[in-house]
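Heads up: the structure comes next, in structure tokens.
Chain lettering (A, B, C, D and E) follows the sequence in which the chains are written, and residue indices restart at 1 in each chain.
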């Protein structure tokens, strides 16, 4: 196993996440894509951690924190989506254009 | 010329050494300047509360100047005097700016002239100005006028000269424009000021050129440098000389700067009188006289120019005087012509003759103007076509006029004869044949137009509507006084007989290197007298018959020449059309336009550009890819709202921009690093 | 390193399978026209990543992913979908019309990342880690105690804030001007 | 008086108005009389302090006096270093004097919308900025004071300024004059001072100090020579040239002067413009002497263009204030010409020109303001015959106009004459051709100056009054106006007759400046 | 052994969070929570002082991953002051119970806590988590006006862009970790020497930069800012534009100077570009704004650009110049914090009076509320950098730092761009001032009513504190320059 293959996998996941963020209209779908990106980061971190044989396991710990942060973000995101939905009856991000010039 | 005159230097130096230092009288001569100026200030501020509305103060001040001048004259008549005192009013390193007064033959002559003629004029003015508007202010300004002239005359340095020079100008502006309710009068005042100002530029630059080269503003230093042949000064001598002379041309109204003087008749007549006699127009001649050793030595190359200007002026202006209807204008052009004599004389190296003519001219021209004023006072018109027959109605006025006229014509034994003759003799001696011929012709013209004016004014039938009467004593007495002086002043300098004036006027800090005739050149004198008489005869022939209208009376009329003369050779029009109007009109407007439209336009356009850029960037910022794609013309569907909603969301645009920015940065760095 | 070397290592085959599953899942997550399906594909991808972690010897992380991401986050997503009444069936309007620019951007970034990573790491081997859970604990509580505490505040804040925002207020509040 | 000489004197002069502003702010708006009295008291105190500075000043010494140097911003090595020398002293006294006069004049001349409290606070702030600029010997301090004057003036123009609408070139819309003028004034000056600041910082980067005295010594030693110096001079040039203003950076001036309320115009013309030319003398010349010599011909050319351009533009004006404003462009051209000669005579001329222009143009704006106050118009076409309706006011106008056109014997003459004098013999090494041509053109400019001034007088003062004023009562110069104007009128005569009032202070300093900076 | 003195501010803030939550559920008046929060902030500032005054040594903890030095203390002070003022603003804003006061304060304080942690964080994990704690409550607070669709929208936009940048940042950090094998900054610095030509390092550094760039709203990562500020409750906008932004700068500063000290060739030019873009685009767009809050949003983008300027030339700086750049940035941040908080405060106050943040509604403010108009002028001119208000000094040190000692051409170019931008910026600040000082009162504003509306004392206090700070620092910049100077040591010691 080479470190680069994990990193390439992470890059692919991350890029797919980017695509998802850019094309999805539904806010929840956007969140899904973000989740993909974060998991890509986690893959990277763990792979690098293994690569460096880090005694402090910084990579894994970082990955754990990223996962935790991801969870928190999803919680926050869904709350906001709900809020928007309650007021606007839609969860589509492209319909947010109250503040345009 | 310098070499020719070097021989005279020794003798002249001995002469210079004789003079006295003047004592307390010279040391106190500063009061000559200060008294009129202070009096003027007092009159302007509180004159109205004085019993005679300020006139008394003005009169007293002029009296003081006159008495003081005469006293200086008498006290030093025998020995001559050179006294100079300066006080520093500013200093820049080694370069001092000073204020002071000079008392020598030249300046005392002018003090006396200003004082005596001024005193007469001020006395007269009391009667003349009675009941006129701004009476008090008039005397304030008038006193200031005289004071300013005295500042000029008393100047031991060129800067003070400039100060007096311009103050005279502004005083004349105030006086000429005295009746400023009429636009014509204020125009005349402006014209006087501006024409002078143009010439002053020459003076100022000339002074700068000379003073900066010599390192001092004092006349004595400059003349000293000129005398020892300072090489730096020699380099700029001609330029400096011409520039100074341009200044002199302005004040002394030499062609082509003469245009202001006839218009200056817009002022009250006493003003004209003083202006033409002792103050203002004499300043130019005075300056050339003051700088005479310079013109005679280092800057001698300027002399032909001076002669030429003088000669042109004396002849051309005399011609115009022949066709004037306004009596004051006749006198005005006559003054121009006489100033031409003086200038030409200076140019020809005849310092004494020129100054002597200035001296005599002051009396009879002052007189003539006062007489004209007296006439105008009675007739309420300036035009000779409204006069005639006043000989009987105003006898004192008439007889004094005759004295003045004959003096002006140069009829023996009146003063004009001697001074004019001396100039002619100097031309003759100096080999200035052309100048001599023109000057003689000028004498004929002078006699002619004065005869014309005399006949039209005092002879024949009265044609006006007012009821003229002899003027009050307060006006006629000064006339008589001046008439006496005009009659006898010529005897102050009769070559070979009595050369007191020569002695006097050449008593200076610097030697005056000129030729002094040993006696009267009778040949020249005879020609002069004959020409004068011929002029009188010609005038008599043409104008003795009382004609009804002006046109008929000008029966010598030669159509083209007449129109040319009536229009003053179109010089005024030329200035107006060629210079003043374009500058005031299109050029000024163009400059203003460049300011408003171009410079401001650039500024405003920059503002608009920034704002426009703001709009554009904001549009791109807010609509991101859509905006970019639409702007680039790739838009597939209908532009507008629908596109915005369906194609991409705002948040995603933000995100896209974020990633695009990221990607570009990264790629850029990878490529360029 | 030749393909043979690579193929000779069993872990690589495991990796290959997991990678294919993950990428396929991820692609379906972002392209699926059915929201519920998209969430399920996310589960697949996350599970794949757990597999990768196991492969790398990061057991604790792997099970955390299963518990937290798959167990909690995905459920949250499903709740969210249901509450916002997202269309449960196929929905063609799920995406924007402009996919190609997005794909281009994603591809470009992938290219940059892949290229630079390849250029640097080339074919350096990576081995199964030696980290045990107890090591993790020690490390967290000795070295990374501050982020740990901070994350707890983060979760608390997310919880409290989420509740406030998501709860339905008794009556519509007055809209106050800025 | 030791305490006074060791910095307190200058500090009092500079900061008393600031204290005054604070005090005035605390007085309730309703107590108008008290507000005015307090403002006047502080302005007078500041003026008194500056006069005392003048008495304590040793005119035989060329260095900085009554100075102090306290740590201010040690992080950037910038100090509260103030002091006066012969160049700054006249400007300092002039600025405090004009402030006092402005407040006196304001006593009963309130532009709309009234509010004396705010107005006086602004004047006092302005006073601090002006006085401070003239005593600052630290670049940062200088910059602060230099900028400090912007805000009050901005508000003064913007709030109390002219409300007529003008159409803007290029912009396709109309806007109130005051708004356009205020922002234009500010943006121009800010633009200039931003570059000036860059220049200051560059000097500090190279010289390691913000102290003008130290930097001057380094400048003489050639520390800032070469292209570095060129660019720094360019940056400073933009800053100062905008403020002077030199052609073609002058376009803010006519608008600002015209739109400002009377007192604002007076302060602008009398003091604010001088900050720029003072900056040249105080900073650009001594610190960058070599570059000053390289730039001098360009400055001279621009100065001469300004003289002619300003005068010609004057001839096309119909608005009296705007005419006076444009005349400032020309007059400051003479000041800059004097500076460009880099000679003792020229720089002396510049300083006296600054003082004289301050006194004269200040007075002209006072008069124009008072006329507007009475006639409610500035259109010269409508104003004719003023001398008849108000002889004293008209007389003063005539007098001041004469002073403005450079009549010898009055203050305006010296600046013009000596500047021309200086440019005949500029510093050795400067192009004689350029400077002598400049001298001739400048001298011709004086004719145009006389032309438009007389023309203005003719239109405004002379002739019969316009029919529209018949039957209207015009009160001639009132008490407050007398108080406010008399010092200026006296000053015009005094400086004109006895220029040593100014030269006596400046000469030694200028001589030292020229000698040390240019060896001339 | 944990150094409790060094951690005291964090501990006190954490305690305060708990107290606020507890008070919120107890049956006591809601304003108790605010008082508790304010008290907690003040209390947290006390150990800062004691640390600064009593202890001269820097404290390194947790394997150098958490450091309390002068830099950290100064920045912590900044965050606490910002939090204090934001809280003051909030008190008057969230008066009604509907606003969930307790929770609001809790979130605000936790964000402050995150920022305080960031100031000391010296490893990737801590700084990432700290940044998330700063951001996450921000997402929530932005949507706090639940009934207002704009507020919802602001929250959603902020959130989406926020998590994206978090992902980018995390990915960048993962690459850094991958290349160096270290998470502490000192370790990364040691391991990354000579790697500045590696594409992967470029990618990593720029991703990290991008992540923080979002936080500081640098162009092109700025898009969320104006929308969010406009929609979010104003105190939140104020906090986001200052506290959260400053946190981003702290991250950027420490990462760049400490972790990437050997990679200046990468981040220096990148920041040059970001700075130039942010200044120019922020200012240009701000020109077109009519909504004051939105305008402040763009203006804060431009200020972000100005703050970045001193970094930009880091690649060519020597140690002393680096120190100058560092202290310039910190000084700018400190001054910016006061003036921008003040500007938001005064905007809130005026909005309370006239009921709008549209510029034309503010017209004629001077005639009926001269005090507010004066304060407004003070803050906005300070933002424009006009002496004697503090803003000038911020710009001054910025210019000074970028020009450096040598006057590098690119530095001069950037300085000129900054100078022109400073002029452009004045235009839009002046536009607001013009409206409220020079324009007539619009008919829609009832001045009598406006006069009668009382402002909350807390709002007054906030304006007072900031105004005094802005004027005092403007006249005696040394007051703040001292702190900036103190912070420079970090760049020198590295």
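Rule of thumb we're sticking to: a contact is a pair of C-beta atoms (placed from the backbone, for glycine too) under 8 Å apart; a residue touches a chain by one contact, two chains touch by 3 or more.
Treat the numbers as computed from the prediction; the structure is a model and nothing was measured.
Trainee: Tell me which chains count as touching both chain B and chain D.
Mentor: E
Trainee: What chains touch chain C and also chain E?
Mentor: Touching chain C and chain E alike, sorted by label: A, B.
Trainee: Taking each chain's centre as the mean of its Cα atoms, which chain lies farthest from chain C?
Mentor: Of all the other chains, the one whose centre lies farthest from chain C is B.
Trainee: Quick check: more C-beta contact pairs in A-E or A-B?
Mentor: Ranking A-E and A-B by C-beta contacts puts A-E first.
Trainee: Can you check how far apart chain C and chain D are, centre to centre, with Cα atoms defining each centre and the answer in Å?
Mentor: Chain C and chain D have C-alpha centres separated by 69 Å.
Trainee: From the C-alpha centre of chain D to that of chain E, how far is it in Å?
Mentor: 41
Trainee: Counting in whole Å, what is the centre-to-centre distance of chain A and chain C, each centre being its mean C-alpha position?
Mentor: 6
Trainee: Could you put a whole-Å number on the gap between the CA centroids of chain B and chain E?
Mentor: 74
Trainee: Name the residues of chain A that each touch 2 or more other chains.
Mentor: Answer for chain A, listing residues that touch two or more other chains: 3, 7, 14, 17-18, 21-23, 25, 30-31, 47, 49, 51, 54, 56, 58, 61, 65, 69, 72-73, 76, 79-81, 83, 93-94, 96, 101.
Trainee: If I count partner chains per residue in chain E, which residues reach a count of at least 2?
Mentor: Each of 63, 125, 128-129, 132, 136, 139-140, 143, 146-147, 155-157, 160, 164, 175, 178, 199, 202-203, 227, 230, 288, 427 in chain E touches at least two other chains.
Trainee: Which of the chains are touching one another, listed as pairs?
Mentor: Chains touch in the following pairs: A-B, A-C, A-E, B-C, B-D, B-E, C-E, D-E.
Trainee: Name, in rising order, each residue of chain B that touches chain E in their complex.
Mentor: Contact set of chain B toward chain E: 610-611, 613-615, 617-618, 621, 650-651, 653-655, 657-658, 660-662, 665-666, 669-670, 673.
Trainee: Quick one: which bits of chain B touch chain D in the complex? Just the residue numbers, please.
Mentor: Result: residues 88-93, 95, 97, 151, 159, 162-163, 165-167, 170, 173, 177, 180-183, 186-187, 190, 193-194, 197-198, 200-201, 204-205, 208-209, 211-212, 583-584, 587-589, 591-593, 595-597, 599-601, 603-605, 607-608 of chain B touch chain D.
Trainee: Can you name the residues of chain C that touch chain E in the complex?
Mentor: Going by the criterion above, the answer is residues 112-113, 115-117, 119-121, 142-147, 149-151, 153-154, 156-158, 160-162, 164-165, 169, 172-178.
Trainee: Name, in rising order, each residue of chain A that touches chain E in their complex.
Mentor: Result: residues 3, 7, 10, 14, 17, 21, 27, 30-31, 34, 37-38, 40-41, 44-45, 47-49, 51-52, 54, 56, 58-59, 61-62, 65-66, 69, 72-73, 76-77, 79-81, 83-84, 87-88, 93, 96, 98-99, 101 of chain A touch chain E.
Trainee: Which of the residues in chain B come into contact with chain C in the complex?
Mentor: My answer: residues 625, 646-649, 652, 656, 659-660, 662-663, 666-667, 670.
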